[in-house]
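What follows is a set of structures for review.
Next come two complexes built around chain A: one with chain B, the other with chain C.
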Partner chain A sequence: MARKKNDNWVELKDQPVPEGSHLLEVDDLKMYFHTQDGVVKAVDGVSYTLDRGETLGVVGESGSGKSVTSLTIMGLIDMPPGKIEGGDVRYRGKSLLEMSEHEMEHIRGNDIAMIFQDPMTSLNPVYTIGRQLGEGLRLHRGYTKEQATERSIELLRMVGIPNAEQRVKDYPHEFSGGMRQRVMIAMALACDPDILIADEPTTALDVTIQAQIIELMKEMQEKNGNAIIMITHDLGVVADVADKIMVMYAGSPVEFGTADEIFYGASHPYTWGLIRSIPKQVKDEKKPLTPIKGNPPSLVNAPKGCPFSPRCPYAQDICRNKKPEPHFVGEGHYTKCHFASDPDFIKKNAPSTSRTQNAEGGEQ
Partner chain B sequence: MGKYILKRILQFIPVFLGVTLILFAMENIVPGDPIKLMAGEKKLDPQTEVTLRASYHLIETDDNGQPVYDESGNTIETPMWKRYVFYVSGLLHGDLGTSYQRSGQPVADILAQKYPYTIRLSICAILLEAIVGIGAGMVSAIKRYSFWDILVTLVTSILVAMPAFWFGMLLQLFFGIVLKDVTGGGFYLPISGAGGPNAEFNDWVYYILPAMTLAAVSTAYCARIMRSQLLEVLNQDYIRTARAKGLSRRDVIWHHALKNALIPVVTYIGIDFGAMMAGAILTETVFNWPGVGYETYRAITQRDWPIVLGSVTVIVVVVMVINLLVDVSYAFLDPRIRYGAGKNE
Partner chain C sequence: MAEKNQGAPLLHVEHLTKEFPVEAGVFASRMNKKRVHAVEDVSFDIYPGETFGLVGESGCGKSTTGRTIMRLTNPTSGKVVFDGKDVAKMNKKELKEMRRNMQFIFQDPYASLNPRMTIGEIVSEPLQIHNVMPDAKERLEYVRSLLDIVGLNPEHINRYPHEFSGGQRQRVGIARAFALKPKLIICDEPVSALDVSIQAQVLNLLSDLQKEYGTAYLFIAHDLSVVQHISDRVAVMYLGHMMENSDWKTLYDEPHHPYTQALLSAVPVPDPDVQRSRKRIILKGDPPSPIEPPAGCPFHTRCPIAQDVCASGEMPELREVKPGHFCACHFAAPNPIKGASVEL
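Coming up: the complex of A and B.
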């Protein structure tokens, strides 16, 4: 398998990030799918930057384009039906979109690694854990089988799997869900990537295991200094890991800011909705949850104005007819809402959770 | 695993007894007296008839094989259960009985003569099926909706719908007759299974058309199963994981998709091999192939029950053994399947 350590490939990881650019720059990325029903604008103008050691939380409902954005960065979208309609993704100053498939194979797993939602189905059932863990190492580092196994045992130990020498010979079905997600993390970190993309890494896991997995990813990040893109539909998950949060709706960000700005100073009605949807642990008070009513819009016939307007309780005519431009609430914190510039509107309608409760120390 | 195999072998016993019992009962239900059929148009001399019946244990005999008579001087017909017990105890000694028609040849000898032809034909057909079926299915899945995919889908539909014997006849017509005419006798393939000392071709040439006929329908099914399995596997999450690791599309297909996709295909091919080893009556008849299928067909039409019984008995054992091997092979392909106790056994 290790037959690719050839050509004049320059290990990008060892190159310094060019002056003035970031580790990863996503610049107005647009990924459309051309289907029989029309053009699905799955990703419609996403921009952000990421540096080593940083964590970006990408939050949104199913179908908001969170996963497609990251799969586009990884070059894992089949084209056709997918087509990049604009924008760029630069890793250490180099455009990933302009790279050949062969060059992308060097990037995947080596520079940018990814873990997926369902650890139960994300491992190949017919190969041992050790073989799957070592695969990337043999491919990208040219390890021999013995070296790969040795390193696999180390990796398993690192992610907290007991009895690693034995477990490395086991098959995926012999592991529990949480253990498999640990294996997935070990696998993603095997080649010491710059960026770890985690696509809903805890959605399929028990609540008790979720915290462990998040903790593990944080711990690994501290050790390796990699950047993390944490994709989730659960604001609670990103609350204590993300430095920056991007709230996505219908293929584009509606609000972007630091974790504090999003949690305590959110200014988009959709973000408010997400915050209100977090179940609160209040004793002796059984209040119904506050869901966001309605469904995400079809990405084929997106609403003319603000994509959230059909579900927004505050929507006015302007919302339905004109797309809102980003309004900068603070430095780096922007909101795509026509009323974001109106402090009274925000004061009146923002969920009461935020600052007041935070002052007392609880976010939930 | 050992325990599992032993359990499966023990299960052979009731299946085996059941099948032979049913066949034995059939012999008694189906009209036509074998001894009279043996004689054909001629009138049998009564003494000879009694001797014959005694030699086939159709009537009661004493320890020396001499017929036993009742008070009125008639022979006594052996009850079915007694003949069945006699037959099974013979089987346990490796005696499959004696043919009614083939001048008293032991059935075991006849089958030993016929079986190699069936085995060789089955092996040729199964190789053809595995290589062409899996290959076509893979091309079809990997190049989905391409010209090749459409071609494979079309051809497999036709083959599945076509009766095997008719396909065999078309092959005979085309390769044996039309091609011979067109090339002025320069190139053609033999249309029947006659080889032997006066053969016009190398031995293996005789296998081409029968193997194609025998494999046709199953190859089509095999290609379809392979296609759908591979497409399904390529949609699995672990394929995306492998791609995210940086493996090329080719490596992903060969190292991650193929093994998973092959599990059901191997089952199908294994079971199909069992069926082929049972002798392909239609194919062997169309090509005059001297195998067990043709022999069984001949025996049935001529009421040669010992051969029918013997060949079916052997076929049952062969099919059961092959099915067992297929089941055992799962464990090697799919680690999730473990027979019997856990892996720490």
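Coming up: the complex of A and C.
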């Protein structure tokens, strides 16, 4: 099985995506953790597809399984305690879950790269930036040390780090938070990956720096055509970058659709709750927020029916007893709610958006 | 909210400055001239019952301002007058008395509650310290009622902090701060560690309690939409200086300082239509180090409309551009960065 860089191993990245399939297909993925307290259903039936040039926004509160989903795709979950209980992840038609660790090593960084929330803990403090940037290139591309350094300088310049020739020799602590996140992006893009998974890439940063980093990620995507999976709890960030949005709650998606469908045509009470919870920028009068009552459920003793039913203001008996199946509101736009098929229910309870206000001739 | 601002301010902060020596040690202050200029010449007033928001990026000195007001650290210079008395000149006894009326809510609901105390003990501790309710039974009843008010089950009075979620812990912190019915509560990033749905619960709770008890808040946060939501007046800080300060509406509608304008425009709006149509100002670079702050206006290194005058001399004075609206910029004007508008 061992594949060296010089044998006739064909880069998966260079092969066309098989007819009828997508760049990345996640199909009913289930990742459970077997702990002393019981089985934690961290990822419980996640499905989506992604193509090149697309950005998928994954939103949800802490503990909703948004990070574990992407770590599972990358094969970065320790098993045990983790166990894949079902489903599949296909990258260019090939199952990532069936690959050997050796093959996965080739995928990670080369085909699918990841950037993390905290740039300080994800960079190694005892190695120079240049060495860490070049590591992937030397490993995946067989670059020499000199070639790797040269390319590292190029990459640093690309992500807007001034004085790159000097900075490449610096250590992570000599960079500011925003600069470190730029280095992380440079590192992730070093091998020109197909998919960039960004797990809360701007949460630790200030707003003005966040704006810089998001702009940089968009620019890089335009240039390289890679797909992005943007994991965040900030609806503002997904509104800025995402083409498609998956809203997750208690380990599974509750709603999936295009950005416009989620922001202007949401049909799940949890999505409504999220939208209502954010303080609106208002011009005149301030109204109290409408929070979602209660707390997210424990993933060990998940509710029997709809996971959101204990907090849902519209929950009926059916919600507490039966798990809702995805209901397709539109093509590619689905909602896991028993009442999503009832347009009156949605019309009555959905929050007003800037579009509905415009349609009604309201202000703005 | 202007009618609220009649009469004497509850808290008056005048030319408050706080510097820290860069290196710790006995001789550090004498040998090492390097200092972190955390807070530089900050002045503002807070009136009874209002919420004063303090926003800025990390390292701008907003938390240090809050801590210095409560004298958790001593100010380097300047005046803090709370309820008619100068906090900086208080002795230990007076300080304790002052803290009966000024309480603190911390950012991290995990670190700010003692894990070895039950939440009942945590909430009743301020009462014991100030000997407000000597009768144990009465105190217990009062603590139970407090827990009920902040939305916790009074039955859980004997539970420990680890048994609660982040949002619930923050409610414990709020109950503790309200136990003495203080006149002012300094809230240092009270919701930034919480999820959005929980954040909204806590913000509503804070507003409700304020309506009920007439407590004033100094609300410190980095999230502009949260600050706008809760505050009557808002001040923007950058590198230890106060750049702009006004009622919330004017500040968000018509920022006069280029930094405020840039900050507002950097916040991503959860509305794709708005996001696509608006022009954003993306500031270049990072904030300078507070150890060696630039001469002149501290923002001139990143300011898109900086001129020669900004880079030299003193920091521009915080001047009143409109009644109740102060701005520290040579070129203060409504939305000073042209070609970019702050869309709401």
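Here, the second predicted complex is superposed on the first by the 341 of 364 C-alpha atoms of A that agree within 3 Å, B and C clash if a C-alpha of one lies under 4 Å from a C-alpha of the other, contacts with A are read in each partner's own complex, and residues count from 1 in each chain.
To be clear about the criterion, a contact is a pair of C-beta atoms (placed from the backbone, for glycine too) under 8 Å apart; a residue touches a chain by one contact, two chains touch by 3 or more.
All figures in this text were calculated on a predicted structure; none of them were measured in a lab.
The superposition on chain A brings chain B alongside chain C with room for both. In the superposed model, A:Val39 makes contact with neither chain B nor chain C.
One geometric descriptor of the composite model is the angle centred on chain A: between the Cα centres of chain B and chain C it reads 70 degrees, in steps of 10. In the superposition on chain A, A:Leu97 makes contact with neither chain B nor chain C. Contacts of A:Ala302 after superposition: neither chain B nor chain C is touched. Contact with neither chain B nor chain C is seen for A:Leu12 once the two complexes are overlaid on the shared chain. In the superposition on chain A, A:Ile84 makes contact with neither chain B nor chain C.
Chain A is touched at more residues by one of its partners, and among chain B and chain C that partner is C.
Minimum Cα-Cα distance between chain B and chain C in the superposed model: 11 Å. Residues 57-58, 165, 167-168, 195-201, 203-204, 207, 222, 224-226, 228-229, 249, 252-253, 262-263, 266-275, 280, 282-284, 286-287, 344 of chain C are the ones touching chain A in the complex. Of all residues in chain A, only 1, 74, 76, 101-102, 105-110, 113-114, 116, 118, 121-128, 135-136, 139-140, 171, 173, 184, 187-188 touch chain B in the complex they form. Chain B meets chain A in the complex at residues 236-238, 240-249, 251, 255-256, 259-260, 333-336.
Per the touch definition, chain A reaches chain C in the complex via residues 61-62, 176, 178-179, 206-212, 214-215, 233-240, 259-260, 263-264, 273-284, 286, 288-293, 295-296, 353-355, 364.
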